[in-house]
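Each of the next two complexes has subunit A plus one other chain: subunit B in the first, subunit C in the second.
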Partner chain A sequence: MAEPAQRAVVINPAKICQPIGAMYATLGINQAVPLVQGSQGCSTYVRYQFNRHFREPVNIAVTSFHEDAAVFGGRKNLIEGLYNLVLRYRPRVIGVVTTCSSETIGDDIETFVKEARKEIGRGLGEDILAQVSIVPIHTPSYAGSHVKGYDTASKAYLEYLAAPGQPNGRLNIIPGIINPGDIEEIKHLVREMGVDPLVIFDISDTLNAPMRLPKPLYPEGGTTAEELKDCANSQGTVALCRHAGGSGAQYLLRKFNLPAVLGPLPVGVANTDTFLENVQKITGAVIPPSVERERGILLDHMADTSQYTVMRRAAIFGDPDIVSAVTRVVCELGMEPVVVLSGTASKDFTAEVAGVTAEYGVTPDILSGSDLFAFEQLARERKAEVILGHSKGVDMAKDMRVPLVRVGFPVYDRVGLFRRPIVGYRGTLELMDRIINSILDFAYPEDKLHQ
Partner chain B sequence: MSFVTLKVDEGIAERGQHTYITDSTSPVLPVCNVRTIPGDMTERGCAFAGCRGVVGGPVKDVIHLVHGPIGCSFYTWGSRRNLSDNPLHRRYCWSTDTQEKDIVFGGEKKLCQAILESAALFPEANAVFVYATCPTALIGDDLDAVAKRASRAIVKPVHAFNAPGFCGVSQSKGHHIANTYIFEHIVGTRELEDPTPYDVNLIGEYNIDGDLWVLKPLLEDMGLRIITAFTGNADYDSLCKMHCAKLNIVHCQRSATYIADLVRDKYHIPYLPVTMFGIEETSNSLREVAAFFGLQERAEAVITRELARIEPELNFYREKLSDKRAMVYVGAPRVWHWIPVLYELGMEVVAGATTFGHEDDYQKINRRAHDGVLIIDNPNELELEEVIAEYRPDIFLTGLKEKYLSMKMGVPSINSHSYEDGPYAGFTGLLNFARDIYKAIYSPVWKFVEGGSDRG
Partner chain C sequence: MVLDTRPSHAGAGMHPAREAHFCRKGQATLAAGPVPREARCGLFAEPPVSPELPAHNRPTLPGMVSQRSCPYYGARWALAPIPDLIHLVHGPVGCAFYGQTVRSQEYQLFSTDLAEKEVIFGTGEKLYRCLLEAFAVRPGARGALVYVTCTPGFLGEDLEATCRRAEKATGKRVVLVECPGFCGSSQAAGHDIAAEVLLTHFIGAGLFEGVRRTAADGVGHSGESAVNLVGEFNVRGDLDVIRSLLAQAGITVVCAFNADAPAGRMATAPLADLNLVHCRRTGLALAQGMQAKFDQPYLQVSFYGPGNVTASLREIGAALGREREVEAVIAAETPAGEKFWRQARRRLEGGRALLFFGGSRLGSMVGAFQELGLEVVVAGSQFGRRDDYTWAWEQVAPGTLLVDDANEGEIEFLLERYRPHLAVGGTKERYLCLKSGVPFLVFPQEGSPYAGYRGFTNLARDIIKALAAPVWRLIR
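Entry: the complex of A and B
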C-alpha cells in the first residue's frame, strides 16, 4: 500500500485545518471572539466541531466572503466585520483568523485592521476602540494543520500583547490542543508546588461553562487581555505541546528572556516527572509530598493491573505531542505500540517516538503526516489489540473488533471526556483506567476477573 | 406592516427587514436570500456545504473527492447524518490536501492523480464526484477538464461539482449547482430496463437518520416503486434513470425543486410537492400521490393501518405536549414542514427562523403559521439569544450549534438537523419526534435550573 508520501490522495485525514487551531487558542481568552476572514463554511464547520466535542456554544464570527470578495479581496468585509463585531459584542480581544481563500487572494490584513480601527474610533468612540485588541493570525491551511494554527496563534497573540513590566512571580503555561480537564490538572500540580500558574489560552472555564441564568454574553474565565500582556513578566514558560504553543514560548524567550521549556506533554510517569522537574528548575519550587503521593498511587495501580496491559499491542494516532506522550505511557504500561501516527507532519516526531520506543525495546511503524487509511492497514497487519485516538477511529476499530480508547480532538461520540485529564499522575491514572476497562469490556473472559 | 426590530439590531439598518410577525390580514415577506452582514455570528454555511454535504454527499456508492485543503474535506466527513446501506459511504473521506506548491503551481495534476489512485484503491465505487473549494477555485483549477481526462483513464464516470464556498450567499447556492449538474450530466444517461406504470422518484429526501427508510415502505405499500431518492441512500445508477419515472415527489422543496423543474421541462414528468411530516400532512401527501395513480384505496388502507399503529402511543405525547410553546429554526423547509406538526401535537409555535429560506419558503411559513408568530430570516447568535430570552419557549427545535446555546439559557432543545433519535418523517417518525421533544422538555434537570421554569 502506497504511503501518502507517494499518494496524491489523502484518505481519512488525522488532521484538521489551521484556522480551527487558532480559534481553539482564541476561545481560551476572556471575552475574545475569533473573526474568520473568509467564507462562511470555514467558520460554521469549525463551530460545529467545537460544539460537538465540548457540548458548548461558541462565539465565532465570520466576514462572509462572497464572489465579490473572491475577486476584489476581503478589505471591505474585514473592515465592516470588525466594526459590526465591536458594535455588537464589545470584545476585549478579536483574533482575525485568515483562511485559505483570504491568503490565496493575498489580503493585506494588517493594513485593513488599521483602517478598521480608524473607522471604529470614528464611529463608536475612542474609548471603545481602546478597549479592544485586534490581532491578525495568518492561518492558510495549505501550509500546515490545526496544530500549526494553534502554534501560529500563540506567537501572534504574544507578539501583539505581551509587554514588559514588574515581575509577577507566575509561571506561564501554554497548553496546546488539550482539554479543559487537562488544564485543571496542570493548574493543580503547579499550585501544589506553591506556584501561581498563568495559563495562556485557558479554555478550562470558557469551554466547560455552568448552566446558570441569566447566561452571560461571554462565558466566564479565560486568560484576560491583562494577563496576556503580563505574561512577559512571568518566571518562565512551559509549552506543554512543542508543536502547538512552542513558538509562543520561544518568542517570550527571545524577546523577554523568559526561560522556555517545550514539552513533553506530561502524560505518564516519566513525562510528569520531567514536567515537575522543569517547573522546579524555572521557579525553584519543590515537589511537595502531596504530589509524590499522587505518583505513588499511580505506580500502585500500574502494578495492580499489569496483567492486563503488558504485551498488549496498541496503535496510536492523533496530534504529534499527544501521540508521542501517549506512546510513552503505553510503553510504561508494558504494552507494545505497533503503529504510531502523527496526522500532522513533523520534522522530529519520528525521531522522538523512535527514541521513546527504543528505551523499551519495541519497534512500531512510525508515520508522520500520514493518514488513517495507511494507519489502519498497518494496524491490521500488526494485529493491534487496542486503538488510541479521537472519534474518527471508530469505524476501523469496529471493523477490526478492537476497542477505541478516545484521546485527542475531536471526541464527539462519548460524553464528558473533555472534562477529564490525561495529564499528570492523576490524569495518567484516568487514561490507564480508560485503556484497561476498554480492554476488559471488549474482550476479556469474565471468569478470569473473578479473583 | 408587521416588521419588527430586535433590540440587538438597533443601529444595524440592514437587519430591519429580516424580522416580522405573521399576520394573515396583511402578510409580509422578509428580505431573504441576501448576503450576511460581515462580522455576524451566522449559522449559515457555504455553497460547498450545500453541494458536497447536502445534495452530493448522500450518494452512497461513489468516491466523494474534495479538491482543496484538508479542512473542507475533514469537516464534511460523516458530519451530516445522511445514512445509507453501503459500507463505503461515510466511512471514508478523500481529499487532495492542497499544499502551498499546489496553490502556486496549480493543483490539476495532483487532482488527476488522486482520482486515479482512489479509483484503483476502491474498485467497488461506481463513479467519482470531485468537489471544488474556495482556494482551488480561486487559483483557477479546471476541474471539468481533469474529470474528463480521468474518466477516460478509469473508464468510470467522473463528475466535477464547481460550487466553491464563496459562491452565492449560503449553502442554498450549492444545492442549486448540484441539482443542475446532476440533471445535465447524470440524469438520462441510462435507461430503466423494466419500467412500470408506478415508478416514482422521491426528490429532496436525504435519508437523515433513516427518514427515507420509513417513507419508502409507505409508498411501496401503496403499490409504487421508487426508482431513486434524490439523493438519500441513492446509488449512481439509479440517478441516471431518474427521467424514467411517472411522477416526482418533492419533499425538500428548497434544495431540490430545481431538478424537479428541470426534469419536468425536459422529460414532461410532473411533480408533486409534499410534506411527509405529521399525520395530516403525510396522509394528505399520500392521498395526492395516490390520486395521481388511481391508488386511493390502497392509500387509505396504508393510512388507516399506520394510524392504528401509532395513535395509542401518540396520545400520551399529545397530552404531555399540549400547550407547550415551541420555537423552530432550521435550514428552511423543515420550519414550514414542522409548524403544522407542532400544532397537531397540540403545541403552540411562538417563533420561527430559517438559515437560507427564499421567498417561497416564507410564503409557506405565512400560510401555515398562526398569526403572531415571530419570524426571522438568517438570524445570528445575538438575535437568537434575545428571542430565546424574550419568549422563553418550552422547546427550541434547532441545529447542534444553537442547541447548546439554547440549553445554556435554560431552554430545552433537540438537534433538528440530524435529529436525536430519528427518523422523524412519516408516521413512525412522528412518534420519535414527539418522544424526543417530550424527553427534552420533561428531563428533570430543568427543575434544578434556577430561573428556569419547572416544566415536568
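Entry: the complex of A and C
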C-alpha cells in the first residue's frame, strides 16, 4: 500500500473547497438560497460546476467582497447582503456560507446575522422576517474539502432548525454529495419497505426541474423548513455518506436520541444489503419480495456478464464514500482495483478500502488526500484498464487510452448521468452496464457475442 | 404598468430585482441622480432608463446572484494558456480545482493547498517548498506564475521575498500574480493584472535595455509583415481562422495573447510591426502598455461578422502597406459564404435577440448578429468599459436597451419582459434562458470557430440550429 504523495504541492486537485459542499446541501432545501460571504468567484465558480453537472440554473447569492471588505471586514457586506436577498427573493431559508476570506478576517457571522435580522424586521416588516430562517455555516476552505463542507452544513442546519415534537414515523436520510437519480432510488427502496423517507437536502427535484412556463422563481421540491424542523421526530437517521452528512446524523443521535447509521453508500450487492438491513433495524419494516426481485435481477446480470469484468484492472478516484463503495462493486464484479484515490484525506476511507480489498484478496495502492497527478502515475504503472471517476479524469483517460466510467461530481462532459442512480440494486445494475459498455465500446470486437 | 404577472412570483412574494444600470438609446426618460437603495432593489417596474451610456465598473451590490466573477478568475482567463510556465495557485485548494478549466479547456494546475496551520503561522515556507517541488516535477518549465488568492492576500506576507528565494534556488523566473478575489469589482481587474504581469516580466524580456522598435526589426522574413494578436483566445479554432486570413495577405502572427504565446516567444513580441487588439477588455491595456514601452502601434479590430472582418482587414492592410494583398483575400474569401448568409438572413430576419457578454464582445459581436437580420433588443455586459458601451451604442438601433452588470434575477426579468427569440450568453445564463423557454446560443462557443468569414457561416448555422430545435414547439 502506497503512502500519500510525499510532496506539499498539489497537482490537479481531486477535491474542492468546503463552501461548495455547503451550497450543495442548501440547494436541496425548498426555497433556499445560499449566500456566500466572500468574493464573487466563490459563488460564480461554484455555479459553473452546478450548471454544468445538472444543466440547471442555480441561484447562489454572494456578498461581493471588494477592497473595503478586506480593510473593514465583512459586516457591512453581510448585513446589506441579507437585507437585499430577502427583499428580492423572499427565501424561506438562507444558508450563510463562509469562505476562506471571511474566516481569515474573522467575521463574527452570528452577530452580523442578528444585526441583519433586526434591520430586515425594521425595514421589511416582522412578518417577512418571521418567514425566513438564516443559518450560518462555517466553511473555511483551508480546513477540509467540499465533503467536509456538506458535513458541516448538515450539522449546522439541524442544530439550527430541528426541534422536538410528535413522533412522525419517518426515516431521515442524509444523502451526501450524490445525484438526484440516487435520491429517487433511495426513496423508492425505503418506500417499498413501507417507510416514509424524510430526505434532508433533497436535490432530486430542485436540481432536476421540469420545463414549464412560466418558470417559477424557485424550483419545486426540496426539503421544506418544516421538515427540517420535524426531522428531530423521525425514527432514526441514515447518513448514506459517512463523511458528508455523518455529523448531521450524529447530532440527531446526541441531541434527540435518534438511532444513527453512517454509511456505507448502498452501491453494490453487499452495501445495499447492509442499507436495507439498517432500515429494517431502525424501523422494524421487512424487506419485501419486490426488492428481493431487484436483487435477483442484479445477480442474474452479474452472472451474464462476468466474462467482461473478471480480472480487469480498475483505477478509481473521487469522494471517499463514493470511492469506497464503488471499490466494493468493482470487487464484486471480479475486477481488480489497482489504484483507489480519495481526494479528501480520511483515515476511515483508507481502513474501509483496505478492508474491502482484503476480503477479495487484492492489493490496490490506496491514496487518501492525494491528487490526480499521483493517481495518473500509479494508474499507468499498474496498467489500469478502466478508470472510474468524474470529468476531471477525461484527459488522463484519453492519454492512457482507457475508458473513463463517469461516477461522482462533477460530470459535465456527458449528459443525463445525474438523473441515473448508482445506488440500490437497480442503480448498481446501471453502474455495471456503464462499466461494461465502456469496456465493450473500447476494447471488444463487435462480433464478440456469438449466436 | 404591471410587467410581471406570473402567478408563481406573486405566490413566492418575488420582486424581480434590479441592480443593473439600464440605458436606452434614443430615449431620455429619467434624469441621472443618486438612486436610493429601495429603488435599486425594490419592486420592479419598468426600469428607469438613462439616455447616457450605462454606468460601468461599479462594485456589485451585496446579496445578489451576480453573474460576475473575481480577479483570480480574470487572471486565469488571460494567463492559463501559457504552456511553458508552471501555474501555481497560492491559497486553499478550491481555487485551483475551479481554475483548471478555462474556456472549457483543462489545464495542469498546481496548488499550495493551504491548511489552517499555515494560515495561522505563515504561508511563505509552504509556497517556497511547493515552488521547488513544482520545478522538480516540470524541470522544462521556464518559470512560474504564482496566483495570490484571497487568503494569502489578506495575510499580507512578503511573498515577493519568497519568490526571489525560489528564483535563486532554481534559476527560474518566479512571478507573483496578485489577484485576490476582493481586489476588484469583477474579473476585469484580473485581466489588467495579467496584462501588467506579461508586460513587466515576459514581453520583450531579454531584449536589450531601452530597445526601440524600428522597421528593420520586423521579425517577418522574406518581405512578410508581422503582427501580434492581443486579446485572442483561440476558442474552438478562432485563431486558426484569423491566422489563415492574415497569412494569405502575407502577414505572420508572432504571438497571440493568450492563445499562442509561450513565455519563450513573448520575448520577441515587441519586434512585430503591429498589435491587433481583438478583445478590447482583455487586450487593450496590454496593447497600450506595449505601445508605451516598445513604441509598437496597435489597431482595434473585430473578426466577427463579414462587415467587421472586411473593415478590419482593410485597416490592417492600410497600416502595413498591404492594401492589394488584403483586397485579394477579401475577394477570395467572401463569395464562398455569401449565398448561405443571404439564406440565413432570410430565415432570421426580424428575430429579436438578447445578448449578454463579458465585456468587449458586446461591441464586436453586435454587428455580426445584426448582419444576420436579428434585431438586438437588449445588449448587456458584466464588466464592459465605457468604450465597449460606446462601440455597441454606435451600432445598435434606437430603442435598444444597454445593460451593465445585470444579475440573474434581472436577466430573468428581461427574458420575461422582452420574450426574445434568441438569447446569447455564457454557461450561467444558458440554463436560465432555456428553462425560461428561450432558445440559447452559448458564447464562447463550444463547437466551431466564429471568427472570420468561415466562422460567420458557423455562427449563422448555430443560431439556426438553436431556433430550429423542435422542443420549442412542444412547450405548452
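Before moving on, here are some points about what is shown:
We adopt the following convention: the second predicted complex is superposed on the first by the 444 of 451 C-alpha atoms of A that agree within 3 Å, B and C clash if a C-alpha of one lies under 4 Å from a C-alpha of the other, contacts with A are read in each partner's own complex, and residues count from 1 in each chain.
Operating definition for what follows: contacts are C-beta pairs under 8 Å (C-beta built on N, C-alpha and C of every residue); 3 or more make two chains touch, one makes a residue touch a chain.
Since the structure is predicted, the reported quantities are computational estimates derived from the model, not experimental observations.
With subunit A as the common reference, the superposed partners subunit B and subunit C clash. When the shared chain is aligned, no partner comes close enough to touch A:M432: not subunit B, not subunit C. In the superposed model, A:P13 makes contact with both subunit B and subunit C. In the superposition on chain A, A:A209 makes contact with both subunit B and subunit C. Shared-chain residue A:L388: touches no atom of subunit B or subunit C.
Once the two complexes are overlaid on the shared chain, A:I316 sits clear of subunit B and of subunit C alike. Contacts of A:Y218 after superposition on the shared chain: subunit C is touched, whereas subunit B is not. Shared-chain residue A:Q31: touches subunit C; no touch with subunit B.
Within the superposed three-chain model, A:L78 lies in touch with subunit B and with subunit C [touch as defined at top]. In the superposition on chain A, the residues of subunit A contacted by subunit B and by subunit C overlap at 7-13, 15-20, 35, 38-49, 51-52, 55-57, 59-67, 69-70, 76-78, 80-85, 87-89, 99-101, 104-105, 140-143, 145, 209, 211-215, 217, 373, 392, 395. Of all residues in subunit A, only 7-13, 15-20, 31, 33, 35, 38-49, 51-52, 55-57, 59-67, 69-70, 76-78, 80-85, 87-90, 99-101, 104-105, 128, 140-143, 145-146, 209, 211-218, 373, 392, 394-395 touch subunit C in the complex they form.
Residues 6-9, 12-17, 41-42, 59-73, 88, 91-101, 106, 108-116, 118-119, 126, 129-131, 133-134, 137, 149-151, 153-155, 180-187, 408-409, 412, 416, 427-428, 430-432, 434-437, 475-476 of subunit C touch subunit A in their complex.
Of all residues in subunit B, only 8, 11-12, 35-46, 48-49, 65, 68-77, 79, 91-100, 102-103, 110-111, 113-115, 117-118, 121, 133-135, 137-139, 164-170, 381-382, 385, 389, 400-405, 407-410, 449-452 touch subunit A in the complex they form. If you check the complex, the residues on subunit A that touch subunit B are 2, 7-13, 15-20, 35, 38-49, 51-52, 55-57, 59-67, 69-70, 76-78, 80-85, 87-89, 99-101, 104-105, 140-143, 145, 209, 211-215, 217, 373, 392, 395.
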